[in-house]
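Worksheet: one structure, shown below.
In order of appearance the chains are A, B, C and D, and numbering begins at 1 in each one.
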Amino acid sequence: MHEIFARFAENRHEAVKKWKQETGKKVFGYFCCLTPEEILYAADILPVRITGTGEPLQKADLHVPPNSCAFARSCLDAGMRGMYDYLDGVVVPNSCDIIFNMEFFWRTLVPRPTKPAMIAGVDIKPYVHYINYPEKITGREVVPYYVEVLKSFKQDLERSLNRPITDDDLARAVSAYNQDKSQMKRMYEMRKSDPAGLSGYEAWQITYSSLLMPKDKHAGILKGYLDELESNGHKAPEGVRIYLSGSAMDQVNADIYKIIEESGGQVVSDDLCVGTRSFWYPLNEELPPLEAIARRSLGTACPRSTVTDRIPENRWAHLLNTAKDFNIEGAIFYVLKCCDARLGEFPHLRDKLKTELDIPVLFLEGDYTSEGVEQMRSRVEAFIEMIEG
Amino acid sequence: MEEEKQVVTKGSQKSLEVARNAWKFIVQDYAEGHAHKKAGKPVVWSCALVEKELYHAMGLHPFYPEQFAALCAVRRKTPDSVKEAVRFARIAEQAGYSSDLCGYERVSTGFVLNGDLEDAPLGGMAPPDMLVTTSSVCDVRLKWFEDMAQRLNVPLFTLDRPERRFDGIMQYPKPHETRYYRSQLEDLLSFITEITGTKYDPDRLNECLDWGYKTNELRLEILELRKAVPSPMGCADGFATMYPGMYCSGTKKAYEFYRALRDEVRGKIKAGKGQIEKEKFRLLWYGIPTWFNMGIFNYFEPVGGVFAYEPAYNPHPWPPRNPKDPLEEIALRTMTIGSTMSTTIPALLEQCREYRIAGGVLAYLITCRAIYLPSLEIRRALEKELGIPSVLIECDLVDERTFSEGQVKTRMDAFAEQILKKHESGKSLNN
Amino acid sequence: MLYAGIDVGAQSVKAALFDGQKMVGSVCTVTEEAADEAARAVYADLLQGVGIQRQDVEKVWATGWGAADVSFADGKSSEQLCAARGARWLLPAARTVVDIGAEGCRVMKLTPEGTLEDFANNSKCASGTGSFIELGAVYLKVPIEEMGPLSLAAEGAAEVSSTCAVFAESVIISKIHEGETRARIAAGIHRAAATRIVELIGRMGFIEDIILIGGAAMNPGLAKALEEMTGVPLRVPENPRVVVALGAAIQASLKRSRRGKSAS
Amino acid sequence: MLVAGVDIGSATSKSLILDGNGIVAAHIIETGPESQESAEAAMAGALEKSRLRLEDLKYIVATGYGRINVAFAGDVITEISCHAKGVHFFFPKARTILDMGGQDCKAIRVDAEGNHVGFAMNDKCAAGTGRFLEIMASLLRVPLEEIGPLSLQATEDIKISNVCTVFARSEAARHLRRGVPKANILGGLHAATAERVFSLLKRVEIEPEFVISGGIAKNIGVVRRVEEKVGLRAHISEEPQIIGALGAALFARERAA
């Protein structure tokens, strides 16, 4: 594994702090892959994905009740403990019920580095930015609506940073993101072969680090690394080809990849926000940049979003295509307890996988602790053995 | 009501005649829905937060899975069997729906999976011609309706109300926000026309909106009247009488229902009568009620405690009627609602002052993230800002298996002792 | 040729010997010893009981929670797979295997040909396991082995609604106060456990024949409660605790012909 | 004036007789299946010790889980109020009380008069209750009174990730099977308990002085770990188990006056 990817994936806070110190640039944290991070990049800010610790809560347990997303609670706890004190701002999209509330919790509970600038009861230089992301992503007027939302986010940012964000800046960001997306796609393509070109864990490290590094830098290193792998014919260990679906996958629970591998399986593709969803959808460079960003963000098949009008099938479409392209033999759903969107769609997707594609499904309920992941081992073993026959 | 008694358990004692008769209204509405379907007319299953005037204007009879689930929480098939809500929830859980999911979702999904849509209280919900939902307030209603639409193979329409955030001051909806919502209303109307053939008639919609507006004004008036001391109308009455306003807004019958209710409340205030003889302290109920155990609303009466206010189904003031452009009016109405803690918590505190609340009972709904997430912050705000103690009642909305009676009683008793102690020591209870 | 299977659980270790046609011996021991030593001791008991030498055994196959620790095993397989193998060998018509141990309950679905098709485990809560009934016995002050027979004597059952094994105590005590008989409460405890198990069986589709194995299968009260709730007769083998160990032994016998995929 | 309090808990039943000067007698028995019988037996024990008869008592208050079923009590008051009252008798400066019984664990905040002004209780899962540790003690075959001291000998607290008592038991059994010393397993179980208890305490906002009562106060392993997290030394009553009955008796005195 490339040492830089490993460093960012396994020691995220230190790696980002070091980068910040070296470059003197600003760093913003964000929740969810729907965030229009391209706008941050255009403003010369490094967007980093906020994740939690998986440790028992120290502070957030007093504010957020237990029967809710353990990931979000842990993120907030990390914030309240000062682990994100190097952030210059935070972006919260309306990406699910609990993340929506993170806007309030983060704003009221996490110490901020800058003072608010209040005018008529409104903070004109907010530390926490809220993006009113639509929940139905295909409406007739959704693109103009969302472009307006992004415009006002851009304006807030310009005011806070005291600098303009020009169309050229945005175009530069769009192009840098596309370059990284194409390398990431290439990396996933390499996993279509049997055995896969990279292991699931390697792919996770590369994906996760892409959420913590400037995209141009990430794209450059990734290209070199993939070239090298191709030239020396690197292959991942052989195993039952697994599709991994589920909730946030960060350093706390990424051991699930290793457990699957140790049990004789290999994750070859996924439907994860730290996974395909973070890069799968390209930006159209022909369009005005804000619209391109809006369309990319709206094109993301997040389990929480809905397309509806008649019978909704976008979640199934992604699964169906992946299952065929990647020659999937089994699907593992690793869903965090109380993740409403995931839990609500699971029975339907499972039934379709079984009846239409004859792909067996294993459901694992996660609790966002590394011990919790380890407890899944025997079930994963049994599942893979079952597929081997 | 009488003949129903043996199958309805742990009902609440309501203090108002109109509230005691509300059940008849519900039975009647279900019967009308079934008759509507039998006559070959279209039926919609809708999320409770969609603007109902649209349905009445388009000739649809709506059924509401949320309300239906609550109905299942109070009914049993036979005196010996489990509550219908538990029966349906089990069916859903067996099919792989997590018990952490909203009880409304599990119950109505179980009802769909059960296959026989008539095998349910009040004859069930008539088979739908379409499903309509909204993204308002919680995520669950998106996935839940998507899932039911797929299982029933019935077309679905989703309205998206982006959750607006207010930073300090109430913001008027921006043009792009109302435009976005309005475009969806137009698309919803064409969706209905496509399925039913009924054309959109602005006059018909205006007529329904007139009834809706007048009904809403009455409900606001009643809410205002409820501030009286002693409390003339409690939470048991409030929850029992929310059906016409929540589910039949836009009809004459809903308007008439609230007119009778308003008159009764007025009369009670005039006579100086409260819910109970001697009112010692007034309580807030935060969240959706424990539908399977409505008797909880009378729990504190022996020690002089009454539930006086519940924010759950309360009406918001509507923007003025705009007969020239009723869709714009609806869009504006909907986009004015905010649901972030930044605004809901200060508003709740203000209401506690107005209704002279001495303590809060917070439904700590472990399966309803939208109501559950702010609970601890509300509890803290009540204590810090108003010095009001509160108690958390941990359970699901309709699934009584989550409710531990012994534990809840100990908590509520200790809570009452705390309030009464304050009362004895001469501290003002009614802020 | 002889094959041995060893099932290392959290509380007990089971071993079985299979000669390709029938089970020729089995042992079940409750032990606290470290996994490898415990497995060694139980294996020695097994061999001694049958009266054979170690070299007479062609292959030893491990399964269960501590399978990886059994140093002398030739390979290991999951409990789900072994349960399927063992149950199917005992009952060729089996399509659903319900394995209820002290802490865990799992249900396996088999194809008509007998291969493992799907399985479901109970997740984070212990209701629906042997422990739930065990703790119920403690609260009722009834020896655990009498719980099942006691519940069979009941007419109807008291409603034990608690889903937490520990909190069931207060429910049980209040039932006693309400004047419920111990038998009816015992029946209620079995029904409460069975409700959860039936949920898991339901997830696997209720396909007959259903075979009940694991330690809790020896409790006639639970079997009856399950039958009443599913409306389907359950088959209980003679020695339900060693079925998984037997399955491991059978697995060992099958492993010969497989494509060189030995235990890793 | 003689009054009494009876505390019918899920595990033990306690009675206590009080006169104008202080405690006259107290008695603890195991709770039987019938609350009324347990109450009578507990009361009889205290009466025997003090050579008194039931008629000598002017007022009796019942508390605890089985409080409703005590026929001879003049009034019933929840264990939360009674614990607050009882602790206040011994520690008038106490403002935060942790009471841990068999099935309940509660954090109570009290005012200067000993009235409870806020409380938090464990949720519907038994993790973090006394019963949790009892079940573990029997699994590890360590006498209940020894698990606390033994847990303090842990060289490392094994991480226990399961919140469900029954699953935690099998997790502990597995550690045992892997050769982990009992002390370290107990260390982990006590740490897990302390963690749960601490999160409850935080909900009432801990203020000095801090008192631990209930059966668990006898378990030094939990007490030390909770103290560490809270950052305060805890006061512990010598007979922590009778605090509830004492509070009930104090209420009885107020009622009788």
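Please note the rule applied: a contact is a pair of C-beta atoms (placed from the backbone, for glycine too) under 8 Å apart; a residue touches a chain by one contact, two chains touch by 3 or more.
Please read these numbers as outputs of a predicted model, since none were measured by experiment.
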{"item": "Chains touching both chain A and chain C", "value": "B, D"}
{"item": "Two chains joined by the most C-beta pairs in contact, as defined above", "value": "A-B"}
{"item": "Inter-centroid spacing, chain D versus chain A (mean Cα positions, whole Å)", "value": "46"}
{"item": "Approximate Å spacing (C-alpha centroids) for the pair chain C, chain D", "value": "38"}
{"item": "Centroid spacing, where centroids are CA-atom means, of chain B and chain D in whole angstrom", "value": "41"}
{"item": "Sequence positions of chain C contacting 2 or more other chains", "value": "65, 124, 163, 167, 170"}
{"item": "Per-residue multi-chain contacts in chain D, two or more chains", "value": "65, 123-124, 203"}
{"item": "In chain A, residues with contacts to at least two other chains", "value": "62, 337, 365, 367"}
{"item": "Residues of chain D touching chain C in the complex", "value": "10, 33-35, 65-66, 69, 103, 124-126, 129, 131-132, 135, 162-167, 169-170, 173-174, 176-179"}
{"item": "Contacting residues of chain A [partner chain B, same complex]", "value": "62-65, 67-68, 94, 96-98, 100-101, 103-104, 118, 120-123, 126, 130, 132-136, 139-142, 144-145, 148-149, 303-304, 306, 308-312, 337-338, 340-341, 343-348, 350, 363, 365"}
{"item": "Interfacial residue positions of chain C with respect to chain A in the complex", "value": "65, 77-81, 115-119, 121, 123-124, 261, 264"}
{"item": "Chain C residues within the chain B interface of the complex", "value": "161-163, 167, 170-171, 174, 195, 199, 202-203"}
{"item": "Touch list for chain B against partner chain D, complex", "value": "376, 383, 389, 394, 402, 404, 406-407, 410-411, 413-414, 417-418, 421"}
